[in-house]
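Structure below; questions to follow.
First chain written, first letter: the chains are A, B and C, and each begins at residue 1.
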Amino acid sequence: MFLQILNLAGIAVFAISGALVGVRNRLDLFGICVVGTTTGIGGGLIRDLLLGVHPPTSMVEWPNVAVPVAMSLIVCFVHAQLDRVWRAVLLFDACGMGLFAATGASIALDHGAGALAAVMIGATAAVGGGVLRDVLVNEVPMLLRRDLYALPALLGAVLVVVCNQLGLATDAALLVGALTATGLRCLALWQHWQLPQARVSDSSRKGR
Amino acid sequence: MFLQILNLAGIAVFAISGALVGVRNRLDLFGICVVGTTTGIGGGLIRDLLLGVHPPTSMVEWPNVAVPVAMSLIVCFVHAQLDRVWRAVLLFDACGMGLFAATGASIALDHGAGALAAVMIGATAAVGGGVLRDVLVNEVPMLLRRDLYALPALLGAVLVVVCNQLGLATDAALLVGALTATGLRCLALWQHWQLPQARVSDSSRKGR
Amino acid sequence: MFLQILNLAGIAVFAISGALVGVRNRLDLFGICVVGTTTGIGGGLIRDLLLGVHPPTSMVEWPNVAVPVAMSLIVCFVHAQLDRVWRAVLLFDACGMGLFAATGASIALDHGAGALAAVMIGATAAVGGGVLRDVLVNEVPMLLRRDLYALPALLGAVLVVVCNQLGLATDAALLVGALTATGLRCLALWQHWQLPQARVSDSSRKGR
């Protein structure tokens, strides 16, 4: 039950981030709903494909579709007040990423996946919706920008699996995983943490 | 039988749209075949993945592969006569979208999907091939441009499901869905119908 | 056994190509690992999704994840010596393509896929990882550039299926397929072989 609420919360915040990216790219009402809904259900869709859940839960249960559509519509009418759309995108995206990392790993464990598979599927679910969103609007995925992104997602999924193997209650594991992933990502954004970049000699720079 | 003919017709027209986009991007012969074939079978592939059909029908039956390859080759040699490639892309794409929305929803119902899942899978099949095509050549998907696209796809899939629940014959439902979706899309293109865009204050415009 | 070694070799070289593309796009340490690992396991992931292997092998077995991560890290520290990153990308990509075309077709046959499906799945596995890599960093996929790419992949997969139907040993079939595909691709790159481009009148050039 708690798992489903967190999953739905993840869908909602990811949908908001997607709809805001749509607003930023000046899409029309329906385009915003399409990007919002795709971002909202995208991570869960990829998770269900990897786990062999057919048809994917996100396409079977009404709330999983209704919530992202509703969020997208709300963004269409409310965003004008937000004068810093990009910051809002980053924040909602961070929350969605943490929630999906934790719920993704937990759902994978429920389906009998091993520890490694659960971590990989959780991390993929966490970054999948955002990657779909960024590819749709033709931007370089946030996943590849220079602040921590994949690392918190991976850590959140790992924590859920570790808590599970330590015998902790699922709800506690979910909370620990989601809060750590989202918290670490927000901290990295706020403090402008960056990982070292590989040094390249000038001759190997881009430009075919 | 009628379903399979419509499915093949959808593959064919989508392949033509893909091959024309390849021509427009000055790809070589084989690149055009790759984009054409990917666009042709892409929607069906995604549909089969969502429904858990392994391996996907499009990769099992000869006609589903032979038809898009043949269409792509024909486009390579015939397109020079068409002096308005882009209009042709839009037209063939509209036909493919309508056909896949209807057949996708119908095939999903055949596989025991519920009403919501059938609508979502039909709409995804309808827009999937075109999104793959546009992502491959690195363009913003037609799905997100500012004329009706996702709405007709969704409507076509909804009509097939509604007709099915009203007890109409499948063939009639397929026709109603496909014609409505393609017709509405063409009408929107012809009349330059656009949905309202979300108003954004200058401070929230793109540009990080 | 030999199949698994070749599969792992394919993952390793694809991971190197992905990590080098990451270096070229000036990603940070973790971004390079993400692109490297995604490129390494991407083709196998798509293959497993098409064959209905849940969860995908690449996410279940440790070496399939550890090898691409290790390769990416090595690239991070070693690449500076390579003053021609792009050539290295092309070379490692060609090796990965050949290995995945052969192993992909062979694994598909093992799962009971027919001849056509095995060829299509082998070719998709061969080009899939590279397409994911190029889409992630927002480049036009190598698949669509103007030197032979999809053709060698297709040929490698076809050879494996033909050898299999002639009753040849699987290991021999794998070697023939992989060497032919990689060799043909390298030859095409070295000799600047190109397929004919479709002639387009000026009026149909890109520009909406």
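Everything that follows uses one rule, which is that a residue touches a chain if its C-beta (ideal position, glycine included) is under 8 Å from a C-beta of that chain, and two chains touch if they have at least 3 such contacts.
If you want to know which protein each chain is, UniProt gives these names: A, B, C = Trimeric intracellular cation channel family protein.
Since this is a predicted model, take the numbers as computed values, not measurements.
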Copies subunit B and subunit C touch via same or different residues, half shared test: different
Rotational angle, Cα trace of subunit A fitted to subunit C, multiple of 5°: 120
Subunit B and subunit C: spacing of chain centres that average the CA atoms, whole Å: 27
Contacts with 2+ other chains: residues of subunit B: 49, 52, 135, 138
Complex contact set, residues of subunit B against subunit C: 22-35, 45, 49, 52, 54-56, 59-62, 65, 75-77, 79-80, 82-86, 135-138
Subunit B residues within the subunit A interface of the complex: 49-52, 108, 113-114, 116-117, 120-121, 131, 135, 138-141, 143-146, 148-151, 194-201, 203-206, 208
